[in-house]
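In what follows, chain A forms one complex with chain B and a second complex with chain C.
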Partner chain A sequence: MSDIEIRHVSKAYGKTKALKDVSVAITGAKVYGLLGRNGAGKTTLLNILTNRIFADSGEIRVDGESAMENDRAQAKIFYMTEQTLYPKNMRVRNVFQLTRGFYPSFDLTYAHALAERFQLRPESRIGALSTGYLSIFKLILTLASNAPVMIFDEPVLGLDANHRDLFYRELLARYQAAPNTVILSTHLIEEAAALLEEVIILKEGQVLFARPVDELLQLAYVVSGSQENIDRYAKGKRVIREEALGRYKSITIYQPCSSADQEMLARLGLDQAPARLQELFINLTN
Partner chain B sequence: MEKTLQTLRWYLSQYMARLLLIALLCAVGGVILSDLAFYSTGGYELKNVVQTLPYELIATVFAWIAGGSFFIPQFKMALANGVSRKTYLLACLPAIAAFAAALSIFGLILAWVHSLFWPAVLITNVLYPLNGWFGVALVQFAAYFLMTVFGCFIAILMYRSNGLARWVLLLAPVWFYIILVADASDAGRVMQALIGYLRLTLGFVVMEAPNPYIAVLSLSVYAFITSGIIYLMMRRVPLKME
Partner chain C sequence: MRINIDSQIPIFIQLAEIVEDNILNGIYDEETQIPSTTEVAVALKVNPATINRGVNLLVERGIVYKKRGVGMFVCNGAREKIRARRRKAFLSDFLQPLLEEARNLGISKSEVIAMLNGYNSEETNQRRSADE
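Then we have the complex of A and B:
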């Protein structure tokens, strides 16, 4: 694991400001979710962290060292990006070998075992892989890299449900075996929610929320029961979602549940449940 | 340092070795074709005449292609593996040097083997009064090194350019031709100046006794300056996907 400190990072593409004074700390062996709508600045931030592009201002430090053009700092990070940076005529097994050269902790045996599990032929050329298998190839590289910081940018792009499930299980198993810093940037929040320990939500190039998932989930709760009682309970409260089926209704309330609310819920015979991360995300970023 | 060595190793093992093999095969093919052409146009009667091998021409073109073709794809791969731009360039230069050295040594071997069947010399021997193999190898090495670095320079120039600038660069031979035509109307003064400059830097100050080591020095200085410009151009270059 490594600590990453992002300080006042700004980046503009022409007149479009992709990141505006972003400051956030990524510390310890945790699974971070980097969330945001399209164009929120997630990939820009990750690209700056991994030297693909440079910030206009601000700095990023990895374990106290500047990440900019620093081989030692970059050696601690493995970034699975949507872009494929390997020549199309290169074979999968050759990339495995090559990566081991740059990341001494790269587990070649594990990479081949994963390739077998995902049914990826190591003899295949990169250019011959479908979108799904390109994602598989890159996520295998990242999982096997054993880097202190593993970054997955849209890791399940083009993957079928079985492969997505396999990926989440492998990621969890890897993380439990050797805890490190994992950053997951994804739009499939519902699927990844169970894995995340902390979330960083970006909105229009700014950090909207950077706290543990538990804290985020405490900001809202779901109430369900008879329509009549639900409507009575919801009066004066900030409802961010409503679903009704016949006389049954379910709502998500965006505010903490006080003890008075608890009493009212009990009196009206309503059920309370934690809110879903995706609902909160949609509400926060709308 | 560790990353530099690793990048260098990967270069030499994964890429340069293969490219070198192709270059050498083409060079041998080119020499054979040249021999056949010489033979079929009456060279048979002149079998005792020393044949000038076109090896340097082929190797120079390959050196340029090598620089132009590998520099950007390998740069992207270096970025994917957390290698900084500076480390990448520092690893490139020894790899290019090894490539240039291999090309020049092979040229010498080829000429020697050819001479066992048919007396032959390299273009370097024709241009400069060199008796030993070291001087020939050194001149060739400097030329191939510069050409490969120049190929890298063109590659990074294209990479940094937008669509219009790329067209301007691609049409460089056309611009050069227009300059030559325009120059012809001015009694070829530009061309004369260019030839004079090349004579000076390639050691032909005294035509009867050209100095190859001035050429080695000049070519090395050009390569050094070009490398510096490449570094300045790539030190903050963003990753671009085409």
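Then we have the complex of A and C:
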């Protein structure tokens, strides 16, 4: 595990501001979810962290050292990118070997065991892999890297349900065997929600939230019941979602539920349920 | 084991309840080991920190204890403790919703009692003969 500190990082592509003064800390052995809509700046942030591109301003520190052009800091991070940079005619097993050369802690035996579990043939050429198998190939590299920081960018892209299930299990098994800093950047929030301990939500190049999942979920709740009573209850409260089916109505309230609120809920006969990460995400990033 | 992500009940509490259910049912005997955090986390695809919260709740309740370097074990007398705690909660957790539903359906208290009397004797008789 490692501590990553991102301080006042900004980046623009021409007139488009991809990141605007982003400051966030990623600390210790935890599973982080990096969430945001397309174009929110997730990949830009990860690319800056791993020196693929450079920030216009601000800095990133890994265990106290600058991450910029610093091999010692970069050796701690394994980044599963969306793009593939390996030569197309190279075979899977050759890439495993090669990766071991760059990352001495790379576990070759585990990589081959994973390949077998995912039915990825080590003899396959990279250029011949389907979208799903390309994802599998890259997530195997990342899982087997043994790096203190593992970053997965859309790890389950193109994977079928069985393989997604297998990935989540392998990720947790490996994480438990040697806890490290895991960053999962994904659009499949519902699926990954229970795996995450912390979430960082980006919106239009800024950090909207960076907190433990539990805390985030306590910021909101769902109430449902008859329309009249819901409307009566919602008066003066911050409603971020409304859904009506005939006279039935369900709303998400974005503020903690006080004991006075609890009493009112009981009096009006309304049902209360916790907010779900995905729902909250959709409503906050809309 | 199955947890419901959409449930109103937090995952760690669901987990503690499942373990308790299994202890009550005799699936996990007293003084025997229960599955490790890793096993449970992988099986349920839930963050280990969440599983640990569930386990800690059980430790607080005196249901399981940690043996350093070995794992988690069911406490002696755990079954009786679970029963005692759940008996206290029986009124609010089961009787209250039952009576509420009965009210919604227009079933009177005496009808409920009549139902209970009928149901009860059949059930206990069946249980008794099965036990013997």
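The criterion applied here is as follows: the second predicted complex is superposed on the first by the 250 of 286 C-alpha atoms of A that agree within 3 Å, B and C clash if a C-alpha of one lies under 4 Å from a C-alpha of the other, contacts with A are read in each partner's own complex, and residues count from 1 in each chain.
We adopt the following convention: a residue touches a chain if its C-beta (ideal position, glycine included) is under 8 Å from a C-beta of that chain, and two chains touch if they have at least 3 such contacts.
It should be emphasised that the depicted structure is a prediction, and the values quoted were computed from it without experimental measurement.
Undergrad: Thinking of the overlay built on chain A, is A:195 touched by chain B (first), by chain C (second), by both, or by neither?
TA: Touch partner of A:195: chain C, not chain B.
Undergrad: I want to verify the contact counts: of chain B and chain C, which reaches more residues of chain A?
TA: When the residues of chain A touched by each partner are counted, B comes out ahead.
Undergrad: Can A:149 be said to touch chain B (first), chain C (second), both, or neither?
TA: After superposition on chain A, A:149 lies in contact with neither partner.
Undergrad: Would you check which partner chain A:18 touches, where first means chain B only, second means chain C only, and both and neither mean what they say?
TA: neither
Undergrad: Counting only touches as set out at the top, which of chain B and chain C does A:71 meet: first, second, both, neither?
TA: So A:71 only meets chain B here.
Undergrad: Which partner does A:4 contact after superposing on A: first (chain B), second (chain C), both, neither?
TA: neither
Undergrad: Once the structures are superposed on A, label A:85 by its partner contacts, choosing first (chain B), second (chain C), both or neither.
TA: first
Undergrad: After lining up the shared chain so the two structures overlap, which partner does A:270 touch, if you call chain B first and chain C second: first, second, both or neither?
TA: Touch partners of A:270: none, neither chain B nor chain C.
Undergrad: Residues of chain B touching chain A in their complex?
TA: Interface residues on chain B, with respect to chain A: 2-3, 6, 9-10, 14, 73, 76-77, 79-87, 235-236, 238-239, 241.
Undergrad: How about chain A: which of its residues touch chain B in the complex?
TA: Against chain B, chain A makes touches at 47, 50-54, 69-71, 74-75, 77-79, 81, 83, 85-87, 94, 98-99, 101-103.
Undergrad: State the interface residues of chain C toward chain A in the complex, per the touch definition above.
TA: Those in contact with chain A are residues 5-6, 8, 10-11, 37-38, 41-50.
Undergrad: Hey, which residues of chain A end up touching chain C in the complex?
TA: Within the complex, chain A contacts chain C at residues 30-31, 165, 168-169, 172-173, 175-177, 190, 193-197, 272-274, 276.
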